[in-house]
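Chain naming follows the written order as A, B, C and D, and within any one chain the residues start at number 1.
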Amino acid sequence: MVSDTNPHFEDVDAETVDELLEQMVRIRRFEEGVLDEFSEGSVPGFVHLCHGHEASHAGMGVAMQPDDWLAVGGSRLHGQYIVKGVPFDEIMAELFGKATGPNGGKGGSMHLADVDRHLYGHAATIGSGQNPAAGLALAQQMRETGNVVLSTIGDGGTSRGSFHTALVFAAAWNLPVVYIIENNGFAISYSTQQQVGIDSLADYGKPLNIPSYSIDGSDPVAVYETISEAITRAREGGGPTLVESRVTRLRGHFEGDKQAYRTEEEARESNAERDPVTNFQERVIEAGHITAEAYDALVDEIDDEVGAAIQFAKDSPDPAPSTAYEDVLRLPLYGQGEGDA
Amino acid sequence: MRELNQVQAIREALDEELERDETVYLSGEDVGTFGGNFGETQGLVDKYGTERVRDTPLSEIGIVGHALGASIGGLRPVAELQFADFAATAGEEFINQIAKMPYISGGRLKAPMTVLAPSGAGIRAGAQHSQSVHAWTGHQPGLVVVAATTPYDAKGLLKSAIRDDNPVFVLAHKKLMGFKGEVPEEPYTLPLGEAVVEREGEDVTVVATQRLYHRSVEAAEELAEDVSVEIVNPRTFSPLDVETIAESVRKTGRLVVVDETPLRYGTQGYIASRIADEEFFSLDAPPRTVGVEDTPIPFSPTLEDEVIPSTSKIVDAIESVF
Amino acid sequence: MVSDTNPHFEDVDAETVDELLEQMVRIRRFEEGVLDEFSEGSVPGFVHLCHGHEASHAGMGVAMQPDDWLAVGGSRLHGQYIVKGVPFDEIMAELFGKATGPNGGKGGSMHLADVDRHLYGHAATIGSGQNPAAGLALAQQMRETGNVVLSTIGDGGTSRGSFHTALVFAAAWNLPVVYIIENNGFAISYSTQQQVGIDSLADYGKPLNIPSYSIDGSDPVAVYETISEAITRAREGGGPTLVESRVTRLRGHFEGDKQAYRTEEEARESNAERDPVTNFQERVIEAGHITAEAYDALVDEIDDEVGAAIQFAKDSPDPAPSTAYEDVLRLPLYGQGEGDA
Amino acid sequence: MRELNQVQAIREALDEELERDETVYLSGEDVGTFGGNFGETQGLVDKYGTERVRDTPLSEIGIVGHALGASIGGLRPVAELQFADFAATAGEEFINQIAKMPYISGGRLKAPMTVLAPSGAGIRAGAQHSQSVHAWTGHQPGLVVVAATTPYDAKGLLKSAIRDDNPVFVLAHKKLMGFKGEVPEEPYTLPLGEAVVEREGEDVTVVATQRLYHRSVEAAEELAEDVSVEIVNPRTFSPLDVETIAESVRKTGRLVVVDETPLRYGTQGYIASRIADEEFFSLDAPPRTVGVEDTPIPFSPTLEDEVIPSTSKIVDAIESVF
């Protein structure tokens, strides 16, 4: 449920509110575009959409500096790519499996990586990205880059032990990493928190004395503030933070999920009350921060960008089949072709 | 005869075994109300309840690790993985625990558990959701590894796996889930550890399973005017019924091994080498292997189609031994 | 450090005190025998001795019923086999790799399993036994056997995520299982608790609302009482318990460990002050529970049994080489040799 | 020339690379004051400090998982496993993460990390501490897998692994840790991906590595009066230098592949099948394979010695091709 104080944007400056709003709308409109294209069969494989996670993604994205790293987790991915600054064209092209995607079509929706933007990419085996994130953080620490690493995971993923091991390493080495659990109440159909019986997933940080917070992830300002604080702590050598960002999954796990495990009422209810985008939009307009016209113009502008990205993806060439054999290893191997030295 | 698709065949096998033996239970991610990743457990929780059809937290270590203990404790667990690739997340459990505990105990421990998972490529799911894992799991002494090619195989092999007293890893193929085939109404099981000659021929033996079995049949049809192709479906990859393959090669004198595992230390080389060793003097041509040429499975359709052996690659391989 | 209240055996009946004492002495004398034989080269491979863990093993062993299961963890194993009731002869023969060992020499020191005594055996890959233990517990629950499963793990092993996953499953399914962390301050040379920064390893149970206790594992009575309570709770359907049993590792991790990471003083100190066997012995004698003479007679009797076990192991035949190929699979496989049915 | 044992050779390699490149660091269980499982990191923490020689909590997922991220973040991690068997506990990291992330990213990510571990049997350590894991890890496209046979190999290959831009898994052999051999004083590296003809011969090609290389040398000596044995040491198992082996077989016409991995889907069959395919008409006899006959490694010395190929088994295999 979106909390009453959402958004308490009085606390943050107008520019940040603008950014948060824009990022949220960018995510939603992009995903609507993906949904259309998926329904028409243009997007291969399966897609998981971010509806309901926009505030969480936006808050975290706006809190990061461009050189901070993001290791993407959970199944709500596109919004995370977007807030890390990857252009729509590129994301869409990768989703379409085209040569112009950042990964030349080898990755797709689940695997977008953009090293130049410090986007690590995703372990589509849910919960396998957190230890690499710890290692990325160690690299920042040892190389004294001043950068921080953010790493997301879903509520479901927290049942995998690899997540706990990552917390252990982060605590032991006081790493500059922020772990964010996006708790949307479901691992596909399983209600992790309820069925496992844990009051708050943030509690997982407590045994290790990792500062831990549970926040309303539908409130972009709350997310922005908590993550900003965690990033600052990490940057100043204060070590890891664990944040549970409570969100709602407004659609099925993947497109096509019939959600037999969820009452229709529940699904409807959530759409009305818990949609962070309409909620934030209404309140910023109500508060006079932005006019309804300006908001509509923003949406139109973004829709144009989405449309252009779809066109770009459609117009882009498929990767050449021979590229399938590239990038397996960097060749020649060390010393290869030179004989015993 | 009645036709079922692979999903229906699997569901029927699970249903019959849950019905037959109350020590059998099913567990895995979303096997309950959700009904299983491909619908293969639909309705079972309503029939057998949440005790015997158990949704699990998201952890394959938990799923197959607990199943090992449960099997030793007197149950017959069927543990489901949503994708066979996730066996790697429980690599330790497969390699060091499940495969070895009975041996280490000098045979004192019995682990009659089944792991069920869909393997293989073709659904544009990318590198971590598209692998064929029967080479690296079949390489571990102590595991029985089975791959289903038809709905008939899927049902019969899964039922036998559940009844078998060893840990058995049963691999359906994702891309064959909707594939239909004849499945008798009467209950039946299929023997584990035995290959079957699916198509008789005189000139060349093709060993193939799962999706590439069906492509091999296409290849055989295409070549039918010139070449008489015999096709052997191993069904069980570990242990492997080498004798049935050898017998076929003694007749045909030629061998092409086709499988979806990466070639390096995959299933193909081992099968070919066993024949090269044991039937060297029966062979009239070099044994050929066809598989994924040592790349991960890429996402893009163009790329994925490139790395999974096509019918025409199989045709080429067959032609190359003449 | 052995706590001041150790042993507060006033709380328990005399018979239990006897049993605890006897089990502790059995473990210590057995291990001394193993040490001698290992030093003389009769025991193949490497050995990890239980010195310092005797009270923990004895307390847990005496608390169990014969039909309760034990899944052995950590590296201090022999004492756990002993308290589960495996005769010295059999353990020693297995350690020697002889045909008369319960596992016919296939297991050895690290892998003794005895299904008839409900001893599951050991995952020598530290930390891999806890999920099987959960499964064993599920079997008890579903089959309504009324048995409980105990599963030990070292402090080091708690860094492996598989342990946390086992806790998640145990909590989710309310399993009749007791997890016991034997915290001896070291994973070989690494001080897990200190270096990872966790106040008490029992805290790992708290997020999941698993009843969690941290006790002086050098006090056999404290161990006995806490584990008994946990077993009763589990047997009555009250679900899992997590117990941290704080012990001292009196010797190196394995025989031959030079312990460069530990000051000599520390090692000496611990021997004097923390030895649970001499400590318990002195106090039970002091309290008049047993006379010094009777204690010595007990030791002698056990020593004879150890001597006989060594002799038995020495006299036993090596396994026939051909047995190496047995027990890989149970053959024939289902339906094998019968054709399509 | 100076002689070192394998432990000393490894330590020297680590020392030199830590010295040469400040982005190199070492991490693993007990690599600090304790000095490493076999003494291979002794003294390094005193020289380089606890930042660059890092003890880790007990978790291989943490050890190799963090190393992947660190390598992408610009460091060159050397991650140590106390036993190669424990790679299975990080099966997911090896199979789905380390091997695949560079590919998935279309080459954008670079993962210049090294994992160092002792493999193989012979020290009476039982089923979970005695395995040879280069078949199942070498089967995963995206990993470079290297096995050291001599101290010379160990040092040269480890140094190259650290400098290489791919994830490299370097396997020393536990039973060879005290084995001595010549190691030059001058710094050197050895090429990855290249096999080497260690012993020239005319009549039969034996492919062997690690402990079984040394047994193959013994076998060759034993047979020296009758048979001239050429021995090829692959050094790198993934990717495999098939050409050097093929070249040898073109000369000798006979092949015996010896390795400690279990035979089913092990290294031996693949190597034999590549030669059977590519050099069918050079072969004068069936290609033979020697390995662990699909059992876990038992503890008891009698049993362990039974399952690990002995010199006389290698002699028999060589004799069987004549």
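Keep in mind that, in the parts below, a residue touches a chain if its C-beta (ideal position, glycine included) is under 8 Å from a C-beta of that chain, and two chains touch if they have at least 3 such contacts.
Keep in mind it's a predicted model, so treat the numbers as computed, not measured.
Trainee: Could you name all chains that are in contact with chain B and with chain D at the same time?
Mentor: A, C
Trainee: B-C or C-D: which has the larger count of contacting C-beta pairs?
Mentor: Here the pair linked by more C-beta pairs in contact is B-C.
Trainee: Which integer distance in Å separates the CA centroid of chain A from that of chain C?
Mentor: Computed value for the inter-centroid distance: 45 Å.
Trainee: Distance-wise, how many Å sit between the C-alpha centres of chain A and chain D, to the nearest whole number?
Mentor: Chain centroid spacing, chain A to chain D, equals 39 Å.
Trainee: Whole-Å distance, chain C centre to chain D centre, using C-alpha means?
Mentor: 35
Trainee: Which residue numbers or ranges of chain C touch two or more of the other chains?
Mentor: 104-107, 111, 123, 125, 128, 159-162, 165, 168, 172, 195-196, 328
Trainee: Please set out, as single numbers or ranges, the residues of chain B touching at least two other chains.
Mentor: Touching at least two other chains: 56-57, 59, 61-62, 85-86, 88-89, 92, 96, 103-104, 126-128, 141-142, 239, 294-296, 298.
Trainee: Thinking of each chain as a vertex joined to the chains it touches, would you call that graph a line, ring, star, complete, or other?
Mentor: complete
Trainee: Which part of chain D faces chain A closely enough to touch in the complex?
Mentor: These residues of chain D touch chain A: 23, 25, 51, 54, 56-57, 59, 61-62, 65-75, 77, 92-93, 96-97, 101-110, 141-142, 144, 156, 160-161, 163-166, 188-194, 196, 236, 239.
Trainee: Under the definition above, what is the set of chain C residues touching chain B in their complex?
Mentor: Where chain C meets chain B, its residues are 69, 71, 101-107, 111, 113-116, 120-121, 123, 125, 128, 130-140, 142-143, 161-162, 165-166, 168-169, 172-173, 326-330, 332-341.
Trainee: Show which residues of chain D lie in contact with chain C when the two form their complex.
Mentor: 29-30, 32-35, 55-59, 61-62, 85-86, 88-89, 123-129, 293-296, 298-307
Trainee: Touching chain B in the complex: which residues of chain D?
Mentor: Touching chain B: residues 85, 87-92, 94-96, 99-100, 103-104, 126-128, 135-136, 138-142, 238-240, 261-274, 276-278, 280-281, 283, 285-289, 292, 294-296, 298-299 of chain D.
Trainee: Going by the contact rule at the top, pick out the chain C residues touching chain A in the complex.
Mentor: 159-165, 168, 171-172, 195-199, 203-204, 206-209
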